[in-house]
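In the two complexes that follow, subunit A is the common piece, with subunit B as its partner first and subunit C second.
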Partner chain A sequence: MHARRLGGLSLILLVCAALYMTLGARGGWDFILPFRGAKLAALILVAVAVATATVLFQTITYNQILTPSIMGFDALYILVLTLAVYVLGGQTVARLPQMSQFLLTSTLLLGASLLLFGTLLAQRRQDLMRMILTGVIFGVLFRSLTSFLQRMIDPNEYSVIQVSSYARFSRMETELLGIAALLTIAALAATWAMRHRLDVLALGREAAINLGEHPKRGMLQALVVISVLVSVSTALVGPVAFLGLLVVSLARLITPTARHAVLLPSAALVSAITLVGGQTLLERVFALSTPLSVIVDLVGGAVFLILLLRGSGR
Partner chain B sequence: MSMRLAVFAALAALIALSILSLFVGVISRTDLSWELLWVSRAPRVLAVLITGSALAVSGALMQMLVRNRFVEPMTVGTGQGAALGILLVVLFAPEAPVLAKMGLSALCALGTSLGFLAIVRHLPPTQPLLVPLVGLVYGGIIGAGVTFVAYQADLLQFIDIWMSGEFSGVLQGRYELLWLAAGVAALTYLAADQFSIVGMGRVASINLGLNYAQVVLLGLVAVSVVTALTVVTVGMIPFVGLVVPNIISRLFGDNLRATLPLTALFGAALVLICDILGRLLRYPFEIPVGTVFGVVGTVIFLWLLYAPARHAR
Partner chain C sequence: MIEIENLSFNRGKNPVLKDIMLRIPKGGVTGLIGPNGAGKSTLLSLIARLEPLQTGSIFVEDLEIGRCADDILARKLAILPQTTETAPRLSVAELVAFGRYPYHKGHPTELDRAKIAEAIATFELQDLAHRPLDSLSGGQRQRASVAMTFAQDTDYILLDEPLNNLDIAASRALMSLLRRLSKEHGRTIVIVLHDINYAASYADQIVTMKDGRITAMGPPAEIVTEEMLRSVFATDATVHRIGNRPVVEV
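Presenting the complex of A and B:
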């Protein structure tokens, strides 16, 4: 059953991608194809990165409401980047090769997230609501600190950060595409390799230990992958608050299973359809100037609210 | 610390801070003229004092009405509703007088707060932290709606003015609406006992002979008017209404008639400190008070969330 649904999703994605590439095209194909192709590739990269990071995060927190961005991960990324520019100077950061820039921010992000969320997640007696609230408040704190630091930075150096501070899908940093693709594929390969272990980890701490799995180690590895994926997606399009939650919740409805071998591709496909299809509709059909991220946040926020209300009723 | 002593200490600190605030700015102390003080510095101090105290009081009210410690108007949709109201006026009736703008903004704020209250009624009382969480998301959704409309109408820059609080634009003639907010906040003190009783819940209130629905509506109207006036004149300053009443309630309990003056004083002092900090940290430039308070307020909030509560004396 799942195989057929995954096939259907792939088909829809292909149609969306074809429409995105061709609809409303004026001018020579030799310009349009590479121009739109790069954007399409970036959209799909981001979609897959966000979906995978969200699934991983939900697995290690044993919870289907949490996502990296709800817990303030991408706000933390921007804070880390701002801090790097503030301490090292914008020119130094901008002149770093992109690979080392990515690695620098990812490593810092990993360190910070381990410190914050590691301690938060490792609490024995978990109070879910308190944890989410803490994450949301951390998000506000990181954003405030970022805008605070941004005021302290020279306006010329600010441009280094500006691109990743706001979510946008129509103008993406396509120069970063090569490295982003490389990192995402590496992270995806790592995730795919641990898909069965993720199934075991999702059973809970005690069951995982019983089955010979080391929960702490699994969590650490997942956090490393999440840090890389969040860095990639935030660097490409900026923070998107509720995309991950929206698409993973949809994927759980379409392919109701706990097996990561199905859930991971399903979430990635739904996510790519949402971004590519949504962007096609927005840009080409309705010609709206509102960015897709605003609409995704509106819809995703509503989904979050419904999940919370329903979850609390039970 | 006894209550009376605390009030005097807060009052003394506030006066000292206000005088200090008059002399903080780009123009140095020696070149200071009466005109500058009168047109710019004094209105700014007044605006900060009124905003801080009114927001703290409306936060305390909101917490009584919703019966939850961790809510405040700026984060649970009232502030966003006010912004939505102004946006609608600017879109459809840009010529409307300021008072009409403010009125519609207050009406929208009231509507969104009523919506929030309706949602809260359906939440299980066993999960107190669910309420602020739902509030934050609810406020976020309305905020995203505002952004959506503003994007379509090319008013994004306009919206920013209301979404982030800042006092640098305050001059004589441009902040006087705030006195109205001060008046409303002061009037709520007349009904402080009623609001304290509402905080005990619906059944207890009716038992004590209170017209519950009326008092709740009255409180929401007051909160909405104060919030709308603040958003219209200086913009949103989140967390003031959250942290100040919480700290006061931890130290001195929940009898609003006794604590409301202290809440107002403490709120004014905290916002004034943040405003002075914002002016000094990157001298001669300014950091908006909303940003400074965003850092200070969230840290205090996290402390409130994790520090074990001692019983009020």
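Presenting the complex of A and C:
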């Protein structure tokens, strides 16, 4: 049953991608194909990165409501970027090649998230409400620190950060595609290699130990992969808030299973369909009257509230 | 044999276990009883490496807890924790299949499939095999969890108060199953029990604990006495004998 549904999802994604590439095309194909192709690749990379990071995060926190964005990972990324601009100076950061700038912020994010979330998640008793509260407080803290630093930065230098601070699916940083693709593929390979271990870790701490898995080790490895994936998606399109929650909840409805071998590709496909299909509709049909991120956050936010009120955190 | 030497354990500043020396022989059902807060569950979770050791050592045959690789130990010893809060999406068959994970790490062989089928048949779960766990009664879910530890095929099985929330029929069925596992399949079963009568009826030997220490160990007929109830549980209950079997009047 799951194989057929995954097949169906792949088919829908292909149709969406074909429409995205061809709909409303004016001018020579030798310009349109590489131009739209790069944007399509970026959309798919972001979609897969967000979906995978969300599944991983939900598995290691034993619940189906929290996502890296809700816990403030994206906000942390922007704080790290702002901090880099503040300390090194906007000109230095802007003059750094895109690559090194990206690698610098991702490495810093990795360290900061291991420090913050590693200690938070390592606690024996994980209580959902406390985690959500912590996430909200982390988010507010990171955002206010960011805006505090941004006020102290030279307005000209501020422009380096400004573009990164909002979700933007129409104007993406396609220069980063190469390194982003490389990192995403490495992270996905690591996740896929972990898929059976993730099934066991999802059973809960004691059951996982009983089956010979080391929950803390698995959790730290997952956190590293999550940090890489969040860096990739935030660098390409900015913070995405509720996208992860929306697509993973949909994937759990379409392929109801606890097996990560099914859930991971299913979530990635749903996510890619949402972004590519949504962007096609908004860019080509509705002529960009509303940004996709607004719609995704509206629907995703509603899903968050519904899940929370229904108490189906687990 | 499980050998525990000089085991002490503190939670914060409070000592939970004090210098425990215990040898649990191979084979049979060993019941662990004692008043609330005596340290029974802590002792069990230390043997099962659910918590890190502080002082002392525990050997399960030649495997030392804390030194031995996790997956090797997972083929020697299984624990059924007090709260088996498993993912509700799993079906019974999927849960039982996890018992083979320490052997195949995600790539089951024919032998693994055969063991899973055997476990499902032994615990009469064929009709429930494809039902999700959250649609089952407490007794059925407990049976599925025990079937998983059976499929795990370990010589030692530890259970922490498995009779919680079970009615008398489910409790008796589970205890006879555990007895059968030890008699027919040679498993060593260590079980924390609240109800002394269950321990007296189904265990081959009883270990009593009080205030983080082992107070006595032996066959039920010797251990379950009015004197023990007074000293360990601080209660004056009458013990009747039916044949050689002690029954505590409650």
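FYI, the second predicted complex is superposed on the first by the 307 of 314 C-alpha atoms of A that agree within 3 Å, B and C clash if a C-alpha of one lies under 4 Å from a C-alpha of the other, contacts with A are read in each partner's own complex, and residues count from 1 in each chain.
FYI, a contact is a pair of C-beta atoms (placed from the backbone, for glycine too) under 8 Å apart; a residue touches a chain by one contact, two chains touch by 3 or more.
Please read all numbers here as calculations on a predicted model, not as lab measurements.
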Discussion item. According to the stated criteria, A:Asn63 is in contact with first (subunit B), second (subunit C), both, or neither; which is it?
Written reply: neither
Worksheet item: When the two structures are overlaid on chain A, which partner does A:Val294 contact: first (subunit B), second (subunit C), both, or neither?
Response: first
Worksheet item: Between subunit B (first) and subunit C (second), which, if any, makes contact with A:Leu211: first, second, both or neither?
Response: second
Worksheet item: Which partner reaches more residues of subunit A, subunit B or subunit C?
Response: B
Practice prompt. Using the touch definition from the top, say if A:His196 reaches subunit B (first), subunit C (second), both or neither.
Written response: second
Worksheet item: Taking the superposition as given, does A:Thr107 touch the first partner, subunit B, the second, subunit C, both, or neither?
Response: neither
Discussion item. Counting contacts the way the document defines them, which residues of subunit A are shared by the two interfaces, the one with subunit B and the one with subunit C?
Written reply: none
Discussion item. Under the definition above, what is the set of subunit B residues touching subunit A in their complex?
Written reply: 70, 119, 122-124, 127, 129-130, 132-134, 136-138, 140-141, 144-145, 147-148, 151-152, 154, 238, 281-282, 285, 287, 291-292, 294-295, 298-299, 301-302, 305
Discussion item. For the complex, give me every residue of subunit A touching subunit B.
Written reply: 127, 129-130, 132-134, 136-138, 140-141, 143-145, 147-148, 151-152, 241, 288-291, 294-295, 297-298, 301-302, 304-305, 308-309, 312-313
Worksheet, complete the sentence: Listed in rising order, the residues of subunit C that touch subunit A in the complex are 48-50, 69-75, 78-79, 81, 84-90, 94, 98-99, 101-102, 105-107, 149, 152
Practice prompt. Sort out for me which residues of subunit A touch subunit C in the complex.
Written response: 195-197, 199-200, 202-207, 209-214, 256-258, 314
